[in-house]
Structure formats: structure tokens, C-alpha cells
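First chain written, first letter: the chains are A, B, C and D, and each begins at residue 1.
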Amino acid sequence: MEIDLSVNIGKLKLCNPIVLASGTVGYGEEVANFLDLSKIGAIITKSISLKPRRGNSPQRIVETSSGMLNAIGLANVGLDEFVKTKIPILEKLNSNVICNIAASSIEEYVECTKALNEFEIIKAFEINVSCPNVKEGGLIFGNDLTAVGKITSEIRVATNKTIIIKLSPNNSNIAEFAKVVKQEGGDAVSAINTLIGTAFDIYTKKPILKNITGGLSGPAIKPVALAKVLEISRSVDIPIIGLGGIMNWKDVVEFMIVGASAVQIGTVNFINPFAAYEIIDGLIKYCKNNSIINISQLTGTYQI
Amino acid sequence: MNKIIIENSIIESNDKLTESIYLLKVHSPIIASKIKPGQFCNVKVSDTDYPLLRRPFSICDVENHLIVFLYQVVGVGTEILAQKMEGEVLSILGPLGNGFNFDDDFETAIIIGGGIGVAPFPFLIRNITNKKIVSYIGFRNKNEIVDYGLTNCKYATDDGSFGLKGTCIDLFKSENTILNSKTKIFACGPNPMLKSLIEYCSDKNLNCEVSLESAMACGFGICQGCVVESKEDDEYKLVCKDGPVFKFNEIKL
Amino acid sequence: MEIDLSVNIGKLKLCNPIVLASGTVGYGEEVANFLDLSKIGAIITKSISLKPRRGNSPQRIVETSSGMLNAIGLANVGLDEFVKTKIPILEKLNSNVICNIAASSIEEYVECTKALNEFEIIKAFEINVSCPNVKEGGLIFGNDLTAVGKITSEIRVATNKTIIIKLSPNNSNIAEFAKVVKQEGGDAVSAINTLIGTAFDIYTKKPILKNITGGLSGPAIKPVALAKVLEISRSVDIPIIGLGGIMNWKDVVEFMIVGASAVQIGTVNFINPFAAYEIIDGLIKYCKNNSIINISQLTGTYQI
Amino acid sequence: MNKIIIENSIIESNDKLTESIYLLKVHSPIIASKIKPGQFCNVKVSDTDYPLLRRPFSICDVENHLIVFLYQVVGVGTEILAQKMEGEVLSILGPLGNGFNFDDDFETAIIIGGGIGVAPFPFLIRNITNKKIVSYIGFRNKNEIVDYGLTNCKYATDDGSFGLKGTCIDLFKSENTILNSKTKIFACGPNPMLKSLIEYCSDKNLNCEVSLESAMACGFGICQGCVVESKEDDEYKLVCKDGPVFKFNEIKL
């Protein structure tokens, strides 16, 4: 039996549902040294902002029980440098590239999208309205329905490519956000970005992260991420890219069952840079054993 | 970047050297054949989600198919590692980072190691040929001294229980080693120690490389977690990818 | 050096800051078999509702990475039975008792509070507006500022005892909730209740919990809980009882540093029923080593 | 309720009996002196936060200061347990639950065990004196059969590779055992098996006790996680506290 792992997200066709999450794959360059990116559904760039961002002062990383907090602070080379040096590299990687954009104003989101729209290598935009680690931008939008609506509609005008809005889990009504995205012409949502968390040193009494708080990722958050994806899929008809704590193919199946059309893997790439391969192998076996010919059949098959 | 690999490596031995320091040898033929002094590996100490992240350890030495680590128990991950026994399997990711430069033109290599900071030097020393080597090493007290694989050691202890009372930097400064353009210093240890060494080397215009530590998530340049300030510009450098070995005047501690 | 572990929450004096969380200590009876409750700051009863609740159908528990989901569904004996059979037992336990109340209407909260107010053994009320596991009540209130304000003010009329409102982490503005509680006369807040999560069986495609979703507790959520407590303590001057994922005395110190006046331990009681004792011992040592004479000095000592 | 205790117990042995079933013996003198057949203990298989919860296992037998568990590897916790070696320490919480009632007036004890459901019976059998005992046990196939500590066994396998082809219930029904008011049945195994047995016992008016499983958080009655429906009223019973052994007509499966 030949298993078809391909899935569609809006106009975007992925050879399999495994996407490498923003912030965990750089600009593709480093991972291309050890992964054949053509074998992976897509990669999502580190968030790009209009101006380069140095990012937060260290310490930027701390481990927690089955999770980690990061406060990278959207460190990135900025739009111009990205266009000048990173896009030419991306063009050589033979990968499906989704460009993640972060900004501190609606105008900035639009400006970035417009500037990047012409590059054929960029197949879709993931709009980060949910980064917990920067003062301006990020979550100010992510937890504001009107702002998310406005961002979506204005970006819709700026591009015909697939628009994916990356949603924040740090609110009580994620499905409302997905509804607004759909209404305003977004093609899909990613759920979830990290949860806000912190950790303190009990001797110095200082936060371990210089930024005070960080974003919680990894298996600790998987149950929350699954509940958010389920919440969206039960009330809005929009493609969902599920993520949050995926470690293996079983987790991927779980996300697809609750409604994800594709998934992203983030933190696991740090622990096992070959996780994408292992997951794809596992999915093929699962499909074979369960007589699933097209993996897209799995999406939203929850029995409630 | 290096082509990184993961080897599921069988433990050959995991011996306790002092109250808190262990010597671990594992079968990793591929990494053993590629890794260079000053590089490191990222070790998964548990098959489960806890602890979640790998733990970085410098390559201490290579013996044929074996790679050797020297590590100190400081927290949950190293505690688990210390319990591992011969025959168990560890997932090792490597080789990571850039190692020491020891091909350049120097006559005397000065090794400075503070505490577990001695870890990367046995392999470096084995690879430095035809040069004079002096090792200045410092520990909290007599019982914590580890000079495994080192050459020509001078000792310091914080409490004076063995050798000079003071740090390895005090020791290094106190000895009247001939320091000139043909001297190269290789140092590793706690940040405050390296900081004072860097100042000293700037003052005296000495050639020095330091191996840094940092909290890390990935170890191979994709998470941006392990930054250290660059001296040259306003940017950050990645300890895992641009380092862990830096020229003393590249970075600000 | 004699260490004073006592802390105050409003009018309520605790001999130490360790409180056993609602739902993890029953009505005190069972744990009194192996713990001397007079040695523990306080215990909080399983949520009491006006009518008895059978709770959700099993399966009610599932483990996740460093956490667990529960969907008990506020199973409890109901107000009348509680008064008749449980209060007499509580009266014999020599424990500081906080009574947790859950309800599906404001009137019901008030009715329960009034009925229980006369019992001297009940030293304070913890009002659960944040249970994710029941259809009516619970989170409908917990994520609604107006409702939480109304519940607080009406309960304030019904009792002079210490009122603690147990806040939901499933929203983006927990500090606003704490503000409202303070404004409307509440004495303290507990933060946090569980996060909403789920888990699915990848073969049957059914949720593992009959209730579909459950509440995530345990060390996985500690970073989130700490961030919520910090958020409250940085913007509202109200006593906070911190909880979420505490496993040991170090975690307790961390919660106090970020602003908690006392803490609750929940899930850890299932794993180590003697955790409270071990934590108290650890706190004494920490205080000794760090020259802290009154543990209450620790509260909010974060260095930011 | 029992006064529960936690013993940090040294492992005496942890032997593999079949592909997936292990026999674990640990030093737990206090629990050993108090625990009764049908009760269980809650074992922490890892010192870390993963897996977080304890794992419940029936007491299989007691040998002086040793308590014995018979367990099957089915998931992450039991996998970790299977790797434990002699000399390592496990935190054991017990004794938990109510055991079998074997003091009442019966002449023949019928033991019915499906798969790893045989675990609680060696200790029960050792405690039943002066009565006839017959054991009906069923497994997936020949290789999975474990009759450790059992008496007078009859076998069934799902694939017929040993004994009767069928379940232990099929086996029990097929044998013309004399069933009367002086017969008492003790059963443990998967829920569907127990369900069919309960129906059979209701029909034939037989005396039967079953030991149930359930997902558990605490194991001692405080989390309300482990409920099973009561037959008598609309309430739930707690498997950990009211059980795990129930009279067949107390509960609804």
C-alpha cells in the first residue's frame, strides 16, 4: 500500500504534514547541513522583523519539568539582510519555505509582507502575533481580537500567498481568534505559540531569564496545545497547523485527530535534530497499520 | 558547520574520581574519529522527557573508538549521568562547536583550568606536539583536585589545602612564567575567572583562547539561546557555534 | 535561631505557609490518618456545591509529561451532607480549615457561604470560579471580570471571614481579576487553578477523559503559575496564595519570592502524601541558612 | 483506612519471566508485615518528574521482609521499572486498598486469572488454608504463560498454543467444576473478562470477588480519580479505597 502523506494548507501543498517551527530551524541554512529539507513538509523561518533585532540579553534559556522557557526576543537579521543574504541561501535549499513575520505595528507587518511577497521561494507567510518575549508587538496583538482581525485583513491585501496566523494560547477564547482570521481572509492558523512562564533563582532572587519571563515549550504544554486545537476545530472551519510539545509520531497523530491538517515541531529539534525523519517514518507505519491511504483523512477524526 | 551526528553509545566505564567528579568513557567510533580538542558533545542523560534537554560536555579525550568526558555532578542531569553503569546506552550528539587553535606559531602552551574547567585539556595536550606545556589548575580544596590527563601541573586550592592558596589565575600570575609572543594560553573555568584572565591578557598583550559555557538548548546554532556579547560589534556570538572556544579579545564577559 | 514560619492571609493566621489544595485532601478525614494536620498551615476542602455532585464518568485521570489531567467534575457530597457528616469530623481534626465552594450561579455561591458561615471550624472560604471540568459554573465565571467582581462583592456581604478567590490561569489578564477581587472586598486570591488540556487515544480516536478535557496540574505548569503570581504581585496589592506544580521546598521559596504569602500543594500529595512535612523541614533549613527569621519576609522579594 | 507508609526499598531481584512479564522482589519489612492478599502498593518508578505518578501493583507475595510484585511491561513506567537492577531503591507506598475476604465459609477456592491478572493470587493462595484450590488461568499464547506461585492450574490460551483455546472464563465454564454455595471465586483480569464472569455468577448465584484496575492518581482515596459505578445506588465507588477487590454484585462494569 502506497501511503500519501501530502496535505494542503490553503493553496499551500506540503509533501507531508511535518513543518519545522519558527525559531527552531534558523533560516534553514544550518539544518540543511544534516537534513534533506525536500523530505520535510516545510520549514518556517525565525521571525523576521523590519529592523534587525539583537534579541534579549542572556540568560535566554532555562529548562523546566518536561519543558523549556526561552526569551530569545525575536533576535533576527531584519528584513533587508534577510532579503540580501538569507533568501539566496533559502533558494538553494530545495525546501518549502514559510516566512514568519513579527512586528510592532500593523504597518510594519504589511511592509514586511509586501517586501517579501515577490520572492517565489516564500510559499506562505506565518504571522506571529503571539510572541511573549518582546515588549512591543507580539502578545499585545495576540490577545486582542480587533488587532488580529485588522492585521489579517491588511496582510490579505498585501499578498495572494497563503496567510497563516500564529495564535497565542495565553487567552481564554482562541476559537474567537481563529474565527476572526477566517473572516478577514486568513487561510489558516497555527496553534499554539508558547505559554508565558518564568523561573527564579531562590538564592539571588533574580529571574533566571534576563527578560524576566519567557515562552514555555516542549512536552509539558502538549495537553494545553491539544485542547486549543480541539477548541478551534470544533467551532471554526479553517485549516489548523497544530504544535506544542510534539516529540514523536504519536503526538502528531493526536494533533491531527483533534483537528490539525499539519503540525509543526519545535523544541524536539533541539534534542533530536533528526526527529522529523523519525516522525515521518512513524506516520507511514501508523497509516499502514490502520489502513489510512491519505494521511489528510486523519484530520479531525476525533470521536466525541 | 560540522556535519553533526547522533551516536547511541554504549558506556565502557563511568568512574568516580572525587566526591563530585566522574570520568565517563563511551563507544562512539564516528564521533571519536572526527572530534577535535575544544569541541563538545551534547548528551541525553535520560530517555524520557525529564530532563528534557541534552547536556553539553567538552571532549576530554579520545581513546581509539572511545570518547572520554570528565564531568562534575551539579544538578539533576549530571546526577542521573553519575548513576549510569557500564553497558547502558547514551545518545550522544556531536561533534559540536569550534575547538582550540593549536597549529599556530607558539613554543609554550599554558593550560589554565579552574575546577571542572580542566575537562577539555587532556585531548588538547595529547594533540600539541613538540611544545612546552605547563598546566595551572585550581580547585576548591585538596580533595577536589583532578589532574587526569594533564602534564606538568602546578596546583592551587581556594583553601590552601594543596599548592598555592588562591585561584588558578593567582597561581598563573604568581609563577614567573616567561610570557611572550611565543606563549599561548588555553583556559577554561568559571566566568569570573576567565574575565580576570582576559583583562590580564589584554594588559600584557598575550595570546589566549578561552572555552566558555552557557545555558544551551540545541548546541548547534539554531535556538539562539547561548549568546555571549561580542567585543568587536554590538552583536551577539553563539557559544555553541562560534565557540565554545573564543580568542580572548573576541568576546565580552 | 528560632524560625517563625507563620504567615497571615487577611485575618487568617497560618502556622506555616503550606496549605493542602482543594481536591487533593478530600475533607481532611483520610489524610488525618497519616498526617498531623495541626502541623500544616491549613487544608482546603474539596469544592462543595449546593447539591451533591456525582462527578464525571470515568476515565477521570490521565498522566502527561510531568503533569496530569483530571476531570473529576467537582464530585462532592453537597452542602447538606457536608454540614451533617463532614463538619463534625473536621471539628475533631485540629486543623485550620478553609472551605472551598463551587457553584453554577451567584446565588448558589452566596447560599453556600451563608449556610457555612456559622461554623467556627471554617476559618476562610476559597471561592472556586475556575474549575475547567464542569459545564455550568466554573470557568464561565472565572474568565469574566464582571462575574468575578459580583461574586466577590455578594459573598463579602454574606461573611466576615477571609474570602479567597481562586483564579483561573486560562485568560490573558489575571491581574485584572485580582484587582476586581480587591476592589470588591475579597481578602486574597489563589493562583492558579488548572490549565485546560486534553489527551486522545490514537487508536480509538476518543478522548482519554470521558469529559473530553481536563485540568492540567503538576510540575509541568509551574513556570506558568509562577508567571501568573508575579503578574499579580507586580500590579495589585493583595495577598496571594501561590500554587501550581509545587513539588518541594525550593518551589515554595520560588513562589514566595515572586509574591506569594502562602502556597498550596496539590498533585504532589498524590505522589508523596508526606510532602507537606518535608517541605516544612526544607523551609526551616533554607531560612536558617539565609538568616530569614520570619518566612513572611520572603514574600515578593524578587530582584527585577 | 490503613495507616499508609512509604518505604524506600532496596531491590533484591527483578527477573524477566517472559517476554513482557517480570518478577520484582524488594525489601519492605514494614509493608511486608502489614499487607494482605488483594491489597496493592503504589510504586514510584523514577526519582524525577517523569513519569510523575506512582504506578499501582498488586501484592503478589510476601517472603519474610520481601514483598513480591509480578508485573507486565505495557508503557513508559513499567519499561523503566524493568530496567531497575538489584541494589537500586524504589519508593513504595502501601499497603493500599482492601484485600480479598478468604475467612468466610467456603470449601473450594476458584482462582481465575487473565494474563497479568494472575498477579495477586500467589499471596492469596498462600493464605488460604485447608481448602481446595483450583486455578484457571488464560494468556495470549504459550510463551506468555506465567503460573508463578499458583496451585492446581488449568490453562487456556487465546491461540490454543497451550491448554484450551479460549479465555480463562471459557476454560472455567468448560470444566465441570462443582459450583455450589461452598465455592468461592476470586478473579482478576481485563474488564471485559470480569464483566462476563460477573454475569455468569449473577446467573448461577455464585459467590465471587473480583479485583479491578483503574487509572489512579493517588491510590489512597483523596483524588476521586479511580471511580467505578456502584450497582446498589447511583454513586461511584473508589477502586483504590473501596476496592480494588469488590464483591461481584457491588459494582457495574
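Keep this in mind: a residue touches a chain if its C-beta (ideal position, glycine included) is under 8 Å from a C-beta of that chain, and two chains touch if they have at least 3 such contacts.
Quick caveat, the model's predicted, so the values are computed rather than measured.
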{"item": "Partner chains that chain C and chain D have in common", "value": "A, B"}
{"item": "Chain A-chain D separation of Cα centroids, rounded to whole Å", "value": "46"}
{"item": "Chain B and chain D: spacing of chain centres that average the CA atoms, whole Å", "value": "53"}
{"item": "Euclidean distance of C-alpha centroids - chain A vs chain C, Å", "value": "34"}
{"item": "Residues of chain D touching at least two other chains", "value": "49-51"}
{"item": "Per-residue overlap in chain C, given as positions that touch at least 2 other chains", "value": "65-67, 218-220"}
{"item": "Chain contact graph, described as a line, ring, star, complete graph or other shape", "value": "complete"}
{"item": "Chain D to chain A touching residues, read off their complex", "value": "49-50"}
{"item": "Residues of chain A touching chain C in the complex", "value": "64-67, 69, 139, 143, 168, 170-173, 195-200, 202-207, 212-214, 216, 218-224, 226-227, 230, 245, 250, 253-254, 257-258, 286, 290, 301-304"}
{"item": "Complex contacts: residues of chain C adjacent to chain D", "value": "23-26, 30-31, 33-34, 46, 54-55, 58-63, 65-68, 70, 72, 75, 218-220, 247, 267, 269-274"}
{"item": "Residues of chain C touching chain B in the complex", "value": "65-66"}
{"item": "Chain A-facing residues of chain B, complex", "value": "1-6, 44, 49-54, 93, 214-228, 234-236, 241"}
